[in-house]
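Both complexes shown next keep chain A, but they swap its partner, so chain B is in the first and chain C is in the second.
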Partner chain A sequence: MRKSLKAWFLLSPALIIIILFNLLPLARTVFLSFQSSSLNNSHFIGLENYITVLTDSRFHQAIYNTAIYALAVVPIGLIISLIIAAILYDFKKFQVVFEVIFFMPYIISTVAKGSIFRLLLNEDYGIINNILGWFNIMPINFLDDPEIALLTIIIFGIWSSLGFNIVILLSGLRNLNSQYYKMASVCGANKFQQFWLITLPQLLPIITFLLTVNCINSFRIYTEVYTIFNGKAGIGYSAITAVYYIYDKFYVVNRYGEGMAAAVILFMLILIFTIIQNLILRKLTRR
Partner chain B sequence: MQSKIWAITAYIFITLMTLITLFPFVYMAFVSFMTYEELISLKLIPSGFDLSNYKEVLGQASFVRYFLNTVYTATLSTLATLCTTILATFAFVKLNFPGKKILLMILVCLLMVPYEVLVFCNYLTIAQWGLMNTYTGLILPSTASVFYIFYLNSFLKMMSVTYYERARVVGASDLEFIVKILIPLSKPGICTVALLSFIDGWNSFLWPMLITNDSNMRLLSDGLSAFSMQTDRDFPLQMTATTITTIPIVIFYFIFRNQIISSVVNTGIKN
Partner chain C sequence: MIKIENLHKVFDNKYEVLKGLNLSINEGELLCLLGASGCGKSTLLNILAGLMQPTSGDIKFEGCSVLNTPPKDRDIALVFQNYALYPHMTVLENVMFPLRVGKNRLSKEQAKKRAYEYIEVTKLEKFINKRPHKLSGGQQQSVAIAAALVQEPKILLLDEPLNNLDATLRLKIREEIRILVKSMNITTIFVTHDQEEALSLSDKIALVQDGHVVQLDSPQEIYLEPANLFVAKFMGNPSMNLFIMRKQGNRLISNDFKIDLKLLTPSKFKDELFEEDFFVGIRPEYFLIAPNAPVFTTNIIQKELVGKDCILHFKLNKKVAKIIVSTNSRVVEGNKISVGIDYNNIHIFTIDGRRVY
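Now for the complex of A and B:
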């Protein structure tokens, strides 16, 4: 009895904060999503907010953009990171130096990185368009063209995702069983065959883990859009994402109910995704 | 011969990717010394290291104040997180109490809720408590973390239970046990929590943006964002402000680089 009282006492600081800022807001999000949007005089309106959100073409745009972003950034970022990590692993001398360099962008705030990219991607005096000019490519209006806005966010997303992936993949490579490689080189397998037949299968759990983390992070992007387009979601909301939609409904136009309904939908999508991914992972590890 | 071609291609690729990774930051620092005319003439390197942009930025916006605000809130929320996490972990690992399993299960479920789903209702809570534009409002929600409790839990589970029993026999109180045995033994885990929670606090953006509208209460990230919106297309000034906000964390990174990387790897793999 005394022991359990003590346990709850020690847990209480953490639990109070977790209840107030994790559990209650979750309940409140669900509650508000069924309420009319004004805070002072709100009442239960059933599924109306959900219907409004689900039939809103801007919400469709937001979900579409988020999905395309995830579908582009996650595989491309992962493949580039895998190539870099595999090459770095063969560097015996400067491996750690390069690891430190490639990881650096990860710890710098998205706002700072986004500000730099806003300049680099500028149509008239951005370096990227200048370099494209060497290859006779016309300047691309990365920032003010609704057709290209999503591509802009994707480029930034891939660049930002490399550091974390490389560091995790390198740690996975370092833990590989080196026995197989000795056998492989005895059998005369070349580097590429070794990578394809030995390294990749062994890395599969880590790659699956990175796929999940990257996908969930992609579903949550917001700051990237906000900073690249300097406080907007691109021209005419062309680069709007799911979280940006929630932010816009909630904070800008003060339609709390609709914002929270969108939040619940996003949460459900992430949950379904996580469950499916877990099932796949379980199948992979069982084999 | 073929392997040589491979090696050369690999070197070229790594060099190119290193350039792509580092160039934005080097360019940022260079542009901070440029005039607007130099920038639009597409020069890569400034003609001199003129500090007038820095004077102008610091005159226009109080980045020193944002810096101090950020240090203050990131440090306090890290210290608070450490306290709540260590106490909770101790209770979970060393004590058995009714309801422990259910509690752990609820916490696992909470781990799956994305921060962005909660942050808006947390904003309502803080606003209703009248804590807008206060340090308390900025810090309070990030003084405990389900994620770090689980991380430290998994770290301490490997520690043998006999330590605790032996300490009890000798007559050590729980506090003595925590301070003298638990903390020293779980030092790497605690370092990980401290580093990651500090970096999180340092880079937080959405929360301070929601909670503050008084420019004196801004942190570096939302301060930089607000400054960029005010100065619209004055890129040399924006890059100066960006340099000012990134240099402290880059220095911090190079001091703790190995610990930071292994922290990220550990928490990553554990989950």
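Now for the complex of A and C:
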């Protein structure tokens, strides 16, 4: 008993911080989501906010966009990262240099990256359209076409996710025993078999970790949208995401309760998704 | 037939491990590579397997240079010194792996069948569906051996494959290995630190020192007829007693005993004894208890029992020397013994290690 008291005592600073900064805001979010939307004269209104949000077509658009974004960015980003990491790993000479180059985007602020991307993607003088022009492809209006807005964000998201993924995957590759490959090459396994039968299965724990982190990051996408479309969510909210929706409700139209309700729904979605994903991956790695 | 000719290996850091090594191994022969730690045994195996390129020299299989043959086409199986099993595969999958890749790929069923054969040989049936990290070091080693044997290669390279096994299992597996490779006519190179293992297991022993093979011979020859002082010192446990003796006329003399050169077999002299000082090597079993015509008498200072024999320590020329006697002679510490020498089986070396008798 005295031991556990001591333990609680020692844990208390951390616990207080967690309660103060994590649990309380969460509880307050949940609380506010059941209140009417004005801050000074709020009262309990039951599920009204939830009903409003869930029937809002813009919220549907936001969830749809976020889901598409996650479904595209996470797997494509991971596969590209895996390929680049595997190539870099074999490429001993300038490995560190390339690693730094690929990691750079990760340490640059998203706002700066977004601005760079805006320049690159500009319809009239952007480099990308310029290059496409060499192949006689008509300039693509990445920034002002509601049809393409989501694609633009996806491309940006994939590119942004590479740095972190590559660095983590490379460290995983470095941890693999080089004897595995010596033995495999004596047995006659080709590069592809070595990757598929030896490297990939052993990277699964790391890939699981990256999947979870990338998914959660994708669900929370907001800054990317904000910076690339200059504070909007694309033309006519075409690239709106879940978090952008919450922000919009909160600061633009001042419907606090609805914003909170949307936040709670998003939180539940992420939670459920993460749990399902972990269950599946645990099955996969255990076999 | 494997022929290694004038093989040099200099590492990137300019360290030269192999300095013109020559070695030839007949087909189906079991050769033990013996040598001190760091003498380049693993390096040699890696070069043979094609995982490392020599700096110069040549390796020929059946008369054809294989330096440009990639590892997979050399028909070699290899058990590494720090063998690494695939941690994500079960024992069965580990043993099957070599059969499921490469150009002679077997179907899953065939591979399984063959894997089972070798899993039986290495007594791993119980662990078939376990992952390597659930096995003991010795069991893991057995898996590595099974994964090598299962390939039924022409050449098998084993880099200290038994060093994690307990004494009994070690004995058993090394017998299994010998029977297997002999029945399958696999040319085998077996690296070991353990000279007893080398002596009991191999058709031939190659002793490596300082980047060269100093002697390539049958176990018996290498034990009885060491090429030089290094081999003489290296082989034998307890090791050979060595005494510095001075040549005086027809005798070799030292403080405590003398050897009359006329008692030695004249035909066994490889050279005349030109120098002044020599090393005389007498294995512990060639000191004899000789109450009638002793060369010297001495006190036993320590007794080590090894089984049917025991090793007695005594002081000779101010150095500890050893003699092996039968345990049932019941000598105890402090006893005085009269010792003779079996002159037929002594060796004489020059100070720089050349054998002259």
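In this text, the second predicted complex is superposed on the first by the 264 of 287 C-alpha atoms of A that agree within 3 Å, B and C clash if a C-alpha of one lies under 4 Å from a C-alpha of the other, contacts with A are read in each partner's own complex, and residues count from 1 in each chain.
Here is the rule we use: contacts are C-beta pairs under 8 Å (C-beta built on N, C-alpha and C of every residue); 3 or more make two chains touch, one makes a residue touch a chain.
Please read all numbers here as calculations on a predicted model, not as lab measurements.
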**Prompt:** Following superposition onto chain A, is the placement of chain B relative to chain C best described as a clash or a fit?
**Reply:** fit
**Message:** Let me test your reading of the model: by the given contact rule, A:279 touches which partner, first (chain B), second (chain C), both or neither?
**Reply:** neither
**Asked** Touch check for A:112: first (chain B), second (chain C), both, or neither?
**Response** first
**Request:** Scan A:51 for contacts with chain B and chain C and give back first, second, both or neither.
**Result:** neither
**Request:** Considering only the touch criterion stated at the top, classify A:186 as touching first (chain B), second (chain C), both, or neither.
**Result:** second
**Prompt:** More chain A residues touched by chain B or by chain C?
**Reply:** B
**Message:** Tell me the contact category for A:71 with respect to chain B and chain C: first, second, both or neither.
**Reply:** neither
**Message:** Tell me the angle subtended at the Cα centre of chain A by the Cα centres of chain B and chain C, rounded to the nearest 10 °.
**Reply:** 80
**Complete:** Taking every C-alpha pair between chain B and chain C in the superposed model, the minimum, in Å, is 12
**Request:** Report, in rising order, the residues of chain A that make contact with chain B in one complex and with chain C in the other.
**Result:** 190
**Touching residues on chain B, where the partner in the complex is chain A** = 2-3, 6, 10, 13-14, 17-18, 20-25, 27-28, 31, 39-40, 42, 44, 83-85, 87-88, 90-92, 95-98, 100, 103, 106-107, 110, 112-118, 120-125, 140-141, 143-144, 146, 149, 174, 199, 202-203, 205-206, 210, 220-222, 224-225, 228-229, 232, 235, 238-239, 241-242, 245-246, 249-250, 252-254, 257-258, 260-261, 264-265, 268-269, 271
**Request:** Show which residues of chain A lie in contact with chain B when the two form their complex.
**Result:** 3-4, 6-8, 10-11, 13-18, 20-26, 28-29, 32, 39, 80, 83-84, 87-88, 90-91, 96, 98-113, 115-120, 122, 124-125, 127, 130, 159, 162-164, 167-168, 171, 190-192, 206, 209, 213, 216, 219-220, 222-223, 226-227, 230-231, 243, 246-247, 250-251, 256, 259-260, 263-264, 266-267, 270-271, 274
**Fill in**
The chain C residues in contact with chain A across the complex are 49-51, 70-73, 76-78, 80, 82-84, 86-89, 97-98, 101-104, 151
**Residues of chain A that touch chain C when the two form their complex** = 177, 179-180, 182-190, 193, 197-198, 201-202, 204
